[in-house]
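The same chain A turns up in both complexes below, where it pairs with chain B and then with chain C.
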Partner chain A sequence: MAARYDRAITVFSPDGHLFQVEYAQEAVKKGSTAVGIRGTDIVVLGVEKKSVAKLQDERTVRKICALDDHVCMAFAGLTADARIVINRARVECQSHKLTVEDPVTVEYITRFIATLKQKYTQSNGRRPFGISALIVGFDDDGIPRLYQTDPSGTYHAWKANAIGRSAKTVREFLEKNYTEGTIATDSEAIKLAIRALLEVVQSGGKNIELAIIRRNQPLKMFSAKEIESQVVDIEREKEEAEKKKSKKTI
Partner chain B sequence: MAATFFGEVVKVRSRAVTEEEEEEEEEPWARDNLEDKEVRQELEKKREVEVLQTQTKVSLEIPLLEQYPCSKFIIAIGHNAVAFLSSFVMNSGTWEEIGCTKLWNEWCRTRDTANLSPTDAFCVFYRLKSDPTIFLCQCSCYVAEDQQYQWLEKVFGSSPNRNLQITILTSRHVTDYKTPESSCNLPSPFLKALKTQTFQDAACCTLLEQPNIVHDLPAAVLSYCQVWRIPAILYLCYTDVMKLDLVTVEAFKPILGSESLKGLVKNVSHGTEILKKLVTRNEIQSNIYT
Partner chain C sequence: MALESVCSWRAPEGLRPRLPGAGDWALPGGRAPRALPQPQGPALAHGTTTLAFRFRHGVIAAADTRSSCGSYVACPASQKVIPVHRHLVGTTSGTSADCATWYRILQRELRLRALREGRLPSVAGAAKLLAAMLFRYRGLGLCVATALGGWDQAGPALFYVYSDGTLLAGDVFSAGSGSPYAYGVLDRGYRYDMTVQEAYCLARRAVAHAARRDAYSGGSVDLYHVKESGWERVSREDACALYAGPQEAGDPGEEAAAPTPEPALLSPPGPGAHGSNRRGAGALPGARKPERGWEERAVWGRHADRGPRE
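So, the complex of A and B:
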């Protein structure tokens, strides 16, 4: 049945599916995992770094991008589509600042991106954007925000979420481990993001990239050393927890 | 004779079969001329499946499993299944290559079809040195529908030995899996099994439910085994990543504890290390998805 209704984006199937949008969601699953966590005073974005070819310059493969000083996003899916969406969002951030003399709110820019994506699900001759995005930042009121958009153009606020390959596994981990306790401090929130990624990332901390935004501070990208030290801490804590558990059973 | 809507009169073939079938005169353009016959013969020859013996580099005259006695045959079809066997089974023992199939079809990447070298033939047969009745087949090429029967004939023969057990591993895209659940809720990758009537052991996972069907070479092998009452089991991994992918290959791990691979896998952690290297090495450096 799908064969007759999946060619044109503007055609609904008899049971109400827009197959091109659903196929675009499959394209998102081909991208590596990205996780976003909203803490009390911090927002964290962690991504699985894709391994880069020997001769390729690593700097050109970036999954976490700043949209403005106080907003950044991570995406999963088609790289080229992401570039277009990010450029449009960045222009919109500056245009808003010039026009209204206020920086965009996280919700505003998320709505802008989602509206852009939705337009492409309703135009003839175009296909949907094959990316999902996690947008994080702080508004002027100092409240941390995390939003997720998908190829259909919907957006929702989340406490924590994951997109890309193995997103389901990471989301299940977050549902079990996201508590008021685990996001009480900044370092706990960062550790939670790294632990969530370690569930699905092969070869540990080497393949993780992390970015944080603290209230009234610009985006900070973690260096490989900083991530490695966090991973070492996490592994030590895990060992200690296991020792305690085995002592209890004895 | 019949008239069409446009007023032309066309000759209609009658479905009535009479004892004396009249020789109908064909139009000149419908007659098979010599050139057509030659082209067809050339194409048939091009699509022939041959099994080349590694030692002698000569095409086997008799089927592979008639040439070599076999008690256990494990077949991996597709990149992920091949990577699984390479990492976990082939590194746990010494396997010698005994043959490979030489075949060509439209999906083959090789241009020179006249002189396919064994390195181009992606279907290789191995035998365990410590137990020469255990065979392994690594098949990462596509065997077209018209070639599947030839492949079976050249490998199994037309009267196979029933005292052999066959295990087939393959993968398929999760969108082919028919279920009332939404594909977003499926825990892909996941394993399903399908076995022949004579296969007595338990499967390592749930059986494939109706109305799902198996396709291509795995289906051909399983059908063959069902017809000849050979115990065989197919493990099918439904995945959302069709190219070589670590998560998909690891989904085959439950099979390591099965009767089929009993005694063939020694060091699972070493196998995992080898698999990681294999995946990193083979990762297509495509930057389309990030």
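So, the complex of A and C:
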């Protein structure tokens, strides 16, 4: 049944599916994991870095991109598609500033990206974008926000979310561990993001890329050293927690 | 047209209104600009006095109410301060029809944006929008000189927009044929830290003085105040009565002085009647002699404690 309705995306299947859009979501599930967390004064984005070939320049592979001074996004899925979406979003951020004299709100740029994605699900001759995006930032009212878009063009606000490979595992971890306490301070929120990624990433801190935005400050990418020190802290805390537990059982 | 911009719907060829695209001139089909006939009939006059200034407690907008068409007063009680939305008003001067139309278009655009974004654009955004819309018709004879004043998230804001696309931010603006007279009064009395009553008094005085000297301004003086809670129409008072009547509280130097009496029709003008010194010269029998001459009142202003100039 599916075979007859997945050629051109403008065709609905009899049971109401747009198969091309669902296949795009499958492409997203193949991409490397990205996690986003909304703290009280900070927003954190972490991605799993795929290991690069020996001769490849690591710095050219960037999965976290700034859209404007106060908004940035991470994606999961087809990198080439993401590049197009990010370029359009960056242009829109500046156009908005030119015509409306105000920087974009996070919700506005999310809605723009989602509308762009939806257009591609309703034009013939085009396929949907094969990416999901996590868009974070602060509005001028100082409130942090996190939004997620998917290839169908829907978007939702989240407190914490993950996309890409093993997104389900990471999301379950976040559901268990995202409490008022764990996002109380900036460093706690950062640690939560790293812990969430460590659940699914092989070989630890080397394969994690992290970025934060604090209120009224531009995007800050963490260096490998900073991530290592966070990972070391996390492992130390884990050991101490284990010790306490084993003490109690004895 | 609204539908086009909101969801990229294009009207079918025959129905699409012939509005210029980006960069096009809105000319009748097939005519070169030089071939356009000049408008005949009474010269469109831009006679008016409008002013707006921003201060600590919001934005004041005031204007006269005379619409003139050459030397013919088309309407002695027109509305030149137009509310755009709850927290934005604009003073209009130039061609009345252009101002009215473009204000309606601005209202429509702001409403659409509010529906899309969930909140109204800032005053800067609204002014930018109006300037951009007017710029597309530059060179085609539009004349709109407007001061948009309002209260947004950043507090009181005021912008001046002209139909050639000029967009200026500032604290005090006046537009129209009476604006030089109004500026004279405004520049003297303006302070950011005025009280509300002082601001009302200043605005009324500026328009009333302009209405006295400018032939194309007159009628009444409209006064609007945009506060944090929204715009409020403070008053509409007759310009002559305002000029002749007692000044209100808030301007100590003016309280005791009477306005300049009318030049006498019966007695010949003496040498002292020229210029601004009218003390005693050519006064009508029943007229009150002013305590101080006109120049001294101008000097007094806020420096009432310094005493008279002698």
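Observations, loosely collected:
By our rule, the second predicted complex is superposed on the first by the 250 of 250 C-alpha atoms of A that agree within 3 Å, B and C clash if a C-alpha of one lies under 4 Å from a C-alpha of the other, contacts with A are read in each partner's own complex, and residues count from 1 in each chain.
By definition in this document, a residue touches a chain if its C-beta (ideal position, glycine included) is under 8 Å from a C-beta of that chain, and two chains touch if they have at least 3 such contacts.
Quantities reported herein were computed from a predicted structural model and do not represent experimental measurements.
Partners chain B and chain C, brought together by superposition on chain A, fit side by side with no clash.
If you stand at the C-alpha centre of chain A, chain B and chain C are 150 degrees apart, rounded to the nearest 10. Of the two partner chains placed by the overlay, only chain B lies in contact with A:S32; chain C stays clear of it. Once the two complexes are laid over each other on the shared chain, residue contacts for A:R90 go to neither chain B nor chain C.
By the document's definition of touching, of the two partners only chain B reaches A:L78; chain C does not.
With both complexes placed on chain A, chain A has more residues touched by B than by the other of chain B and chain C. In the superposed pair of complexes, A:R127 makes contact with neither chain B nor chain C.
When the two structures are aligned on the shared chain, A:K159 is found in touch with neither chain B nor chain C. Legend: residue contacts after superposition of the two complexes on their common chain; A:Y108 is shown touching chain C, with no touch to chain B.
Once chain A of one complex is fitted onto chain A of the other, the partner contacts of A:V100 are limited to chain C, with no touch recorded for chain B.
The overlay of the two complexes leaves chain B and chain C separated by a minimum Cα distance of 32 Å. Judged by the document's definition of touching, no chain A residue lies at the interface with chain B and also at the interface with chain C. Put simply, chain B touches chain A in their complex at residues 175, 184, 187, 240-241, 246-247, 276, 279-280, 283, 285, 287-290. Those residues of chain A lying in contact with chain C across their complex are 99-102, 105, 107-108, 140. Interface of chain A with chain B (complex): residues 25-27, 29-32, 50-53, 56, 61, 63, 75-80, 82, 165-166, 168, 200, 202-203. Within the complex, the chain C residues that touch chain A are 113, 117-118, 121-122, 124-125, 128-129, 132, 153.
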